[in-house]
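Below is one structure, written out as structure tokens; the observations come after it.
Naming follows writing order (A, B, C and D), and every chain is counted from residue 1.
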């Protein structure tokens, strides 16, 4: 019969001495005076769990200082106040290639005309529908916002399709089309405005998957304009080539995550990467796939310091930008 | 001072008699003889939590019997054994409009040449990379599989672009292009094969977001072929129109979920809807948005029986098809 | 400057030949006739993601055939129809040591008097409160159920505390107390009934954390009875000792997961382990901790086949029992 | 046949005018000078999603200013740097009743002897085991830390059990026992030290579920000491009674969440409540149950402003304490 343990020591039998750890866990001490955000961020380095991952993300972004930065975010974040943070990054050329889903492209434009509002997660859908509000989490967008946008958008389509016919259509790519939108939205609060001004491409291969697509569906000259995704995929894939190091900051997942990581296959994988999302890996989705899965594909270089922060970007991304890009500007 | 409670009865003060419930919770009794899957599925109706939601999903799909069914799934499920289940649905015309992400389109084709393998979630990325395996959750795809696909794909591109030039390019939509792929993949194990044979459109607005896009990027005549997403968005939006009822079955989220729900705006919202995914609503993502959020947008009709099953589709979808479409066939 | 890739082959550079995989992914083919649950379960082995993990869990439980099995579940599952499945396991002595949280102990008893009902996740709390319904996910328990239980429970307390005083109190442990409850609940639908009949201990160190505790709080002779947790912790810790192999099946997490794994420290770790829950590891919680974390503590033996299924137990546990314990009985 | 929509306006038919929203979504503008943490926290109110919920949590805690505050946290947070934040709250009597799981009680004490270290989520369990490190998420605790604790703990047990016998055992409750631990740990970094000094009770009904229980299991006079959970449940339940308002702040879930909410049944439900955790509601677990489920039980008063923040507490709790309790002190 096996030997029964006689004390707690018998339960933990150290047999080797190959590894050791020395960074002590220690949280912030609120007894100190004049605590600032910098103090709290510093304390995250020794607080553990996602606070530690958030601190690693900040360090990773600092390492991207001279890298070409691919930035991705899902539409809900453009609906949220993260739009202003992204606009800041684009305005000051802190990020160099963007991937934003269709809803984010249109929401950035719509918000220049009329606002989105704070609300609650638990509002009843039918009542909102009857009152003309469309819910996004705990935010709502009035249906009338889409009407203002429709007028602006179809006027623009009229201008750019002038002279084109079904037989000789205007052929653009989504990124070129988004650039035209940016050139025509005369509003400094807009991400697209600054992206076009600063020559920052915004890729969105499924840009028609939303209100823009609905408007195209009704547009009388819709056959006179084509958005071609073949040319754009080469464009983004070749963005990663060159001698520079490449980094990625991706808020949310789905298309935006895959599109950026896949493009970086072309340069043997990202040198730096920060993911912020809440997707889990257990269902085998690319959304929830961890960074080590990306290494197997060659999308991220091995032995690198890339990190995923399991968090809602609305909380952590302002803290990250505060601790990184904002400091560069000063 | 407030009255202190004197017994447990004081803690639960029923004051109204407006609602009551009568379906008793009762699980399956394994003391019964010859228990079958049908018995277990039946027991889910009174087991609660996601078993109950799974049962509701089955009932919802039964209600779709005469409806036009929009089916969506993410690429990881085509990498998994769910591909064979989807192929069955397409082969027998049980579903009528498909949305599948780029990775799913190419994996369906690649699997006709060479297999994907079962592996583990915890394999190290660098070692896999060195050995030519790409990981998807607990599955791996050999890199050489992409080589076979490359040859087949570029040969096909050569044939279909014959006679087209940069100035006069071949203009397709993603769905038409996917149909051509299906017409040329001579293999009855393929979803695309049966979809083209059975005239079932497969939409995939970002079909270039993956290996197909990588191949296009290197393809010498890439400027002679265009994939236009404007025409396709009208196509899918108008799929929902008509006098029929519309239903949706969506495995996973991101683009496939939004694309189907958005299209059903055009007919005042889906009559029936089953979602199967693991995304949470708290980050405001469309992926995690609950069905009542969809009601606010008019994507789903109010007062309907639509249901989300919080589960991995690899487990529950075979059970669902067993309990619904498979029975129709017999 | 780095060499640009010229083809997709350049993107995947296999450099070693150390590992290979050979189990091909293949889902169930519904074109086959007379598909049974066994066929579907078999197909999970080659379907991937959580279906594959579910299949591994079934194989792991088959390996437990001669092991001592620790079974844990949270209270919500006893509220659900999983109660009948657990009762089956206890009735036939398929499991040997149980850990069930307080709510599960009382719900098992309460259900012998009056039922819990199926309802919906989205019912409004205030309306339920006014109508005397307490919600648990998509189930509800009428408040009056607690009244029946109160009478039975205080009558029993009166009997067992007879002759005991504050100075000379009755000292039990939670597991002994639960055994007495089982001996007095004359109902074959009860888990506690069969556990006491079959000498299967049920541990629940915080058994007062719920209705039982509320009743004790009001009980006039509450100072005459003590539930001591010191003796019980030795009891469960020493359950793991001996020459037998030990296995664990744990539905849900929190206390039940930790209590079983910690007890198995005493025998150098579990030989077999199946976890079924939806908790994530990123917040550092023991609930979400993966099995490799448990290896570091010596709670699970290294190089073992233990597996976590990321799923709601209401769906998967009936499938597991069907494929394992039910077959033994035949 | 139904009318086809002719424009986007036809897709959104506002029919009522009963509700409206007016708080505009607007994120922080990093173009402003000298941005502070207060500015970022203020911006969360109009950023949406979990940032908005975090802001609501801060407002809710401000409303607790004169309330009796029940504070709960799981052990992993005491392992993390959140221990220092909790110690601050206890030191300054900002919280009034605590519930902490077993691992948190012992980790608070162990950390006074020797530190826990920062590490990584992906370390291999077997290697850690061999090197004497126990992993908790991305933290590790050396096994030798438990040896120091064992000596201190058994010395203390020797002292307090002096004069007691098996026939006449020392009967304590977990909360009294924890208070004795606090009185004997002479270290101002300890939560237990300050709790005993400031008469703040710490409840932990399953305090033996961990290292303390392992030590009791081996302790030679273990039959001379009893920890009774009956008296403690009355104690915590009656904590909620009185004319004061009651609030709760709960980090993590499982036992700590249920224990605090259940106790507040006795006073008709909490007046204020902030939950911070990552558990989902779909599996019917009490851990993931939303606050409206708690309303149905009478654990939280209806029509209240209670809020759950879906987040890892290591990130958000320092921000919360900064914005609330720290300001009171100044």
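Side notes on the structure shown:
By definition in this document, contacts are C-beta pairs under 8 Å (C-beta built on N, C-alpha and C of every residue); 3 or more make two chains touch, one makes a residue touch a chain.
Remember, it's a predicted structure, so these values are computed and weren't measured experimentally.
Common partners of chain B and chain C, by the touch rule above, are A, D.
Among the remaining chains, the Cα-based centre furthest from that of chain C is the centre of A.
Put simply, the C-alpha centre of chain A and that of chain D have 31 angstrom between them.
Taking each chain's centre as the mean of its C-alpha atoms, chain B lies 39 Å from chain D. Centroid to centroid, with C-alpha atoms defining each point, chain C and chain D lie 24 Å apart. Annotation for chain A: residues 5, 11-12, 48-50, 53, 76, 79-80, 128, 133-134, 136-140, 214, 265-266, 278, 280, 282-284, 292, 298, 310, 312, 314 touch two or more other chains. Against chain B, in their complex, chain C makes its touches with residues 5-9, 11-12, 14-31, 35-37, 40, 43-54, 76, 79-85, 88, 91, 111, 115-119, 122, 127-128, 130-134, 136-140, 143-144, 146-147, 150, 211, 214-215, 218, 278, 292, 310-312, 314-316, 318-319, 321-322, 325-326, 329.
Chain A contributes residues 1-2, 4-5, 11-13, 48-50, 53, 241-243, 265-268, 280, 282-284, 298, 310 to its touches with chain C in the complex.
Those residues of chain B that touch chain A in the shared complex are 74-77, 79-80, 101, 103, 121, 123-126, 128-129, 133-140, 169, 171, 174, 205-210, 213-214, 216-217, 222-223, 225-234, 237-238, 252-255, 258-259, 262, 265-266, 277-289, 291-298, 300, 302-303, 312-314.
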